[in-house]
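Reviewing the structure listed below.
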């Protein structure tokens, strides 16, 4: 397999970005009217749609917790999301892993103690897949939860980063993510205090380089936080205008 | 006492007493022994015990799952609170019921308020195969708590039923050896749970480990082990 | 369904109180591992690891199959982690879907071994495009008393290094697989040995830290973090999901601590393989 | 009573739109209300919405949030489960509400005592899927609403159709049961559940209280059905365009809609035009 040139000598990546450039992000809240909260989120060519229902009566009451809400996350990938059509089975471990990561991340961010004996459902649907699946799911789910008016300690913003030819690179696309030499680190932070809600990394990276790659990813998260905040404010003002006149 | 005889489930036990009483006297069969078509045979693997005066036969086996028996002290954890009492886990098949009034000086108005997860030292009040077991935190005859009730602070750990039974009798070598070295409070539940409390966490951990290690040591080895632990501390 | 019983309040409070003084319930120091016992059995690729009371059995087997069309010269590596309720009362596998823990552990091991290319898959090629070795690693958890991931990662690496596959000679289109007693079997070519080190965090903002949490500590911890390193000081995987958010400085400190831990675990594996 | 020492900080607090995690104030004089949380002395917002300040209390009202009941709210609910001596009712809130057997009117007038047999034939009163018109009487310990239907206007709903709207669009008012001039009864639940039904003269209900739990719809003529459908579509379009839903706004919408066929009311252009028409008439009126 010829070693594909991931960074050109001039420092440009396969999709023309610089090493520390995020893909173009465009996102909108309140896109579905039957859900309590919803969001459409695009980062580069990765597109995801999230619907949030709740807090509502749990379907099976034996799981209801006395003192806090339980969070249920279902993540599925549309068969048409990648170039070759592939229907993933219900028990696919990779899907279950991503939904359990999203569930655990938001168990720390949502103030579940305010909604005892109820359930919050987060349904995530990946429409197009071009790398950074976990990152886009977390950002989209944050937007949908805020849109649903659910109390949260803070936004949760996620971003990926990698390392090619001795330079940390920000926000990996599918080609960079799937090439085996490139370590793929996903970090999700709570922007207010910069603490790490989630940190996942695959393939190899020398321990001395970890700090630089993480710093770059955290920078990316802060930028995404501003984007999410704008989307929320736009949706909020739009709703406020409609309701007021 | 007959010399220690190990029996396995299904072994027939000849109950012919060495004393001269006639055959048909009533026998009382304890845990681990049952009558299967007129023959008395063991249903549990363990050491056979018999008591001639009370004509009692029972088998002591080192199982871990506790079967509640009336009058036995147990250490339980409150799992849920219902209207008229608490559901307490004592390691038995079903959770035990601890009525709200089963505390010293508890009346309709001032009922004890235990949170879920509290540890209690209690006495098994009702235990039969039909109903869920019931426990009480006072001696129902005298109305006094006699040490039963909520266990605050300290640490609790699980051990086998055999070890718990040996710890409960006052001559337990490991407890006496430890007692001479360090002042500590202990509550032993026959359901294989032991509660320890001292001032410093370090000593509590030391005592807990000492007790756990003492399971397969005889009295002399116990004293030796405890001496070493105390010096090392 | 058997519900895993939560630790009582006093166990929780005692554990935290002791941890503040740097003492753990089983007497270990906060950075100490439990006693690690690795037993390699006479049959190649079968290793059992005991970390304290947590016991894991790892079994490696191989067979000849066709390679994937897009990677004709690469052998296959497959994983299966079976976390049935043999190991702990609380695990409920009756619902068909694998339990959350089973998904977490098997995905972690897959990431550690496959994504970090611990096994040289090119060396598994017999006839390009036609026949390659497919190596399969099965993990069976016999007893769950905390920190399954570290025990599983040690068992996996030890089993892979202990495994021998039959020798093969190729003439032209034909490939002859020699019987084990005809020619002694060949070990797999393993680039590096990734080892997982798991940390538990306690206290309201997770500033109390310890290594290798046992079952009680795992139930009381507010957050956990696993870092995988090899002997060349390279990070092969990181995993922190959920729980209380942690300060970035804590992550760096864990990396330094883990580096020392990985070396002594590697020595222990080396000893076990020599015996 | 406005706080006299109106410092600059407090003036710009009110009516600002904040998002989760943003600082509202670190002035320790303030107390924190809904939608906020505090770390050390700083008050942060936990939801996206408008900040509200009442004297010392700062809270954030999210623009979109599920209905959370207040005592005295008049609501419409759907029975989800029949349990011992109570019904669980979906009230579009965080948890199902509870309707106790002891808080409903028993057929056969007020003086009838509750008996054992009532507990056995609960389904003759309300069964799963029935719609109930009730009032919130209190909260349970875990925040679930306790409902009651102990007045003649409350009880089982029939002879009509059901519409769901945003709860924020239904303002709290004295009465939520209206008979519109076009001869249709509507029930505006504060929880966003609305029932539009054929007009039944109040006198008929009191006559035979045996019938208050009957499941049979009365005969509804064709043009009554058309009016009910027209009113339902009017409510839909008001909801979609975020117009406050009151009896007056529905009447205005109904009158404006007469020139269109019922099914056209849901097309986008007509809906916008009608909603605009309603808004202008509402402004003229106030």
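Order as written gives the chain letters A, B, C and D; numbering starts at 1 within each chain.
Rule of thumb we're sticking to: a contact is a pair of C-beta atoms (placed from the backbone, for glycine too) under 8 Å apart; a residue touches a chain by one contact, two chains touch by 3 or more.
Model, not experiment: these values are computed from the prediction.
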Where centres are the averaged C-alpha coordinates, which chain has the largest centre distance to subunit B? D
Per-chain Cα centre nearest the global Cα centre, belonging to chain: A
By C-beta contact count, A-C versus B-C, the higher one is A-C
Between subunit B and subunit C, tell me the centre distance in angstrom, where each centre is the average of that chain's C-alpha atoms. 39
Counting in whole Å, what is the centre-to-centre distance of subunit B and subunit D, each centre being its mean C-alpha position? 58
Length of the line joining the C-alpha centres of subunit A and subunit C, rounded to whole Å: 27
Subunit A and subunit D have mean C-alpha positions lying a whole-number Å distance apart equal to 35
Among subunit A residues, those touching two or more other chains are 190
Based on which chains are in contact, what kind of graph results: line, ring, star, complete or other? line
Here the pairs of chains that touch are A-C, A-D, B-C
Touch list for subunit A against partner subunit C, complex: 90-91, 93-94, 96-97, 100-101, 103-105, 107-108, 180, 183, 185, 189-190, 193-208, 210-211, 214, 218
Inside the complex, what are the residues of subunit C that reach subunit A? 96-98, 100, 103-104, 106-107, 111, 115-117, 225, 229-230, 233-248, 251-252, 255, 259
Flag every residue of subunit B that touches subunit C in the complex, lowest number first. 77, 79, 89, 115, 117-119, 151-157, 195, 200-202, 204-206, 208-209
Touch list for subunit A against partner subunit D, complex: 30, 33, 36-37, 54-57, 66, 111, 115-118, 146-155, 190-192, 229, 232-233, 236-237, 239-240, 242-243, 245
Enumerate the contact residues on subunit C facing subunit B in the complex. 5-14, 17-18, 21, 23-27
